[in-house]
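Take a look at the structure below.
Note that the chains are named A, B, C and D in the order they appear, and that numbering of residues resets to 1 at the start of each chain.
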Amino acid sequence: MKIIIEKDFEAMSETTKNILLGHMSQDKRVNLSITAGNTPVGVYKRMVDIVKDSPDYANVHYYNFDEIPVADQAEGITITDLRKLYLTPANINEANIHPLTVENYAEQDKRLAMAGGLDAMLIGLGGDGHFCGNMPTTTSFENLTYKIKVTGEEPWFVPDMMEAGLEFVTMGPVSVMRVKHLILIVNGEKKAEMVKKVLRGPVTEELPASVLQLHPNLTVILDEAAASELDK
Amino acid sequence: MKIIIEKDFEAMSETTKNILLGHMSQDKRVNLSITAGNTPVGVYKRMVDIVKDSPDYANVHYYNFDEIPVADQAEGITITDLRKLYLTPANINEANIHPLTVENYAEQDKRLAMAGGLDAMLIGLGGDGHFCGNMPTTTSFENLTYKIKVTGEEPWFVPDMMEAGLEFVTMGPVSVMRVKHLILIVNGEKKAEMVKKVLRGPVTEELPASVLQLHPNLTVILDEAAASELDK
Amino acid sequence: MKIIIEKDFEAMSETTKNILLGHMSQDKRVNLSITAGNTPVGVYKRMVDIVKDSPDYANVHYYNFDEIPVADQAEGITITDLRKLYLTPANINEANIHPLTVENYAEQDKRLAMAGGLDAMLIGLGGDGHFCGNMPTTTSFENLTYKIKVTGEEPWFVPDMMEAGLEFVTMGPVSVMRVKHLILIVNGEKKAEMVKKVLRGPVTEELPASVLQLHPNLTVILDEAAASELDK
Amino acid sequence: MKIIIEKDFEAMSETTKNILLGHMSQDKRVNLSITAGNTPVGVYKRMVDIVKDSPDYANVHYYNFDEIPVADQAEGITITDLRKLYLTPANINEANIHPLTVENYAEQDKRLAMAGGLDAMLIGLGGDGHFCGNMPTTTSFENLTYKIKVTGEEPWFVPDMMEAGLEFVTMGPVSVMRVKHLILIVNGEKKAEMVKKVLRGPVTEELPASVLQLHPNLTVILDEAAASELDK
């Protein structure tokens, strides 16, 4: 594991953008899986400026790594967010976008293998220790891409945001271990304790992201706030 | 995970030899970590015939992955066994042999990184679910190469073979995940139940080899007897 | 460049089979480009015995690297020969066979890039220094996959075998340089002089195979007869 | 080959810095070969700001790819320039600097292979079509790292800058083909014609950089001036 600590959110975003562009600038197909949410907003803003309307990155293919379907919508929460944050403003060709859905999840690992595997994946860390859609109480380390049915009893169940019976999909720990370069970004003091637990504590399914310690090529980029508990 | 099932011990050995030679025949430095014990005897016999006195494999470097020191002996049990089974009959140049010892174990992961990493590692499976020196009750998934002090209370403690207070070293789960191609060989009916448990069951420190399910490029070669419980 | 010299044709074939199986036994999609002709006959005979009806190699995809169309035949000379020697007796799934043709050649390099590139390519050496369909007088080192129109004036033109105006296709030098592991096999005294020229002499388009000296991961397997002039 | 065209020198430098940092930010030893001269000045300025006194890049090792000795000086022109532009202001640990010299050049290719190979190399383009120290009239494509003795008759001989009899060393075309990611930067209108010749013209020893068309993973970064003749 390589940990890079940056001063603040902007510096974290800048370094992360650099790492992603390093991959994207090679002369071969590059398969990238990227995260939705707030943490990568600064990364995507920088990337849009560079990638938009540029012919230089037509070799890059994009994959989401989890998905939550939305009733009456053609596409789920994750890909919708990724389109808004990055894919649409960067004007990415639709042929280079490969959505994971509740319908096609059983093919995800094979599909990635057939395309040469993921060169890089950008992920965030949940305040409860989840990564991708690998949640406490529903994660088994031996999982490839899998489907979870929400019971409503989960500690992370939020009545306003989800309904019992909801099904969502995520790439599992085995799938994520196959990514050639895994990049984890975390910012803010609120996550400092969890950063320490998952990076320095025992590997346990109760904190799914702790399994990332086993990844053979993991780069963690933190702002100083998120890193503040790390080596105490 | 890719599982190859061969008829018997000889066929398992032949296929394993092929895979190792595939790596060794490339035009670059190749770092190989190989296992002592009975399971690889047929592999090494075949390899000695090919490698002995050949200039074609001078690019291959050898590493042991665990070691148990022996009182009054310059070298430990593992490297002594590897010398007997393969390194000496194959006439491997001493400069290509890189012993792991109780003295230098803290440098093992760095030393491997500096040499470009392990291209392949050949391991066996213990009847109790151990791999390398990662034993039930003493393994933590978050370990790099580490030292274990035997208390005498371990379920795998054999009074005739070891003494309480003995210290041995092994590459840990994190170290093994970094190997570019991991090759696990198992033969015999006696291990059939354990093969099923570690390859198809939950990932748990109680059966350390279960963590191998997370390896991004694992090939398992079994004889039919070892595979007999696999998909029941 | 790594040169392995074996006693005879059978030993050359055995070592080559080992190297190919080493690649094929990994836990990922493996893209293989293989040669037609007489040199690989012993390799394919051994591979058929192992691969036939085995589920263990379903991850391997096959590509030819050149093609000569035949009037009134659906498929060209190369793929027809590969089917006869290997693909049909090994019972390879049609979905794993990706023919290069005079019709689709312009897409070959992109198609390979999209599938993650070629992991290995097995080639032979022409008595006139050609490799794949890269012939003296028609090869430019800067070529990707390209089409050649035979004029009838070429030094290698054989009136009984071809007609002026014939068009054939081949992966060019640039395409071959992208192969991750290139394996060249040559046997027989008749080619000993050419082996020396292309491996030890200047890199020149007059002997197209001389460009292989520039490949970053080339393994050459020779029988003793083919190697006999090498270091004189 | 992937060509990225940036507005000007600063944008070219920024993109190049991003690509290098992408490599350097991985969790493994990274071997980098970098160029002296004027073209990379903007790249190094940016890198110094990031790397200086940072513990995050201790995994990066540096190699020069050519060297011209200077009478009465312990070190040659290239490494002296690299120290001034980057290694000293970035405060790189001496143990991470691996000078190529006229004395040790015969070991360069083996030394690199033993360290796992070069992950990336940054090079420039000479106005006469040279790259590294591979000059017109003295380059053979089949060269590994080699020594050149200047006769004084070379078209590129500059009496004020060199003496007949001077010996210098450079990594040759074969050595450069082994670099995993090759990055070529060129700026300025003066080089526009040569950019077109070496990237779009025939591969010929008269313009040594034309051989770079054969590299399996080459990224070219140009400013608009250097790219201005490219597709005319």
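To be clear about the criterion, contacts are C-beta pairs under 8 Å (C-beta built on N, C-alpha and C of every residue); 3 or more make two chains touch, one makes a residue touch a chain.
Computed from a predicted model, the values in this text were never measured in an experiment.
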Setting chain B aside and leaving every other chain in place, the chains that still touch fall into one piece
Path length in steps (a step moves to a chain that is touched) from chain B to chain D: 1
Would the interface of chain A with chain C count as same or different, where same needs over half of all numbers used to appear in both copies? same
If you take the mean of the Cα atoms for each chain, which one ends up farthest from chain B? D
Note: chain C sits from chain B at a C-alpha centroid distance in Å of 36
Gap in Å, rounded to a whole number, between the CA centres of chain C and chain A: 41
Counting only Cα atoms for the centres, state how far chain C is from chain D in Å. 33
Would you please write down the residue numbers of chain C that are in contact with two or more other chains? 28, 59, 216
Enumerate the contact residues on chain A facing chain B in the complex. 140-142, 173-174, 177-178, 201-203, 210-211, 213-216
Residues on chain B engaged by chain C in the complex (per definition of touch): 1-5, 15, 17-23, 25-28, 50, 56, 59, 181, 216-219
Touching residues (chain side chain D, partner chain B) in the complex: 28-29, 59, 113-117
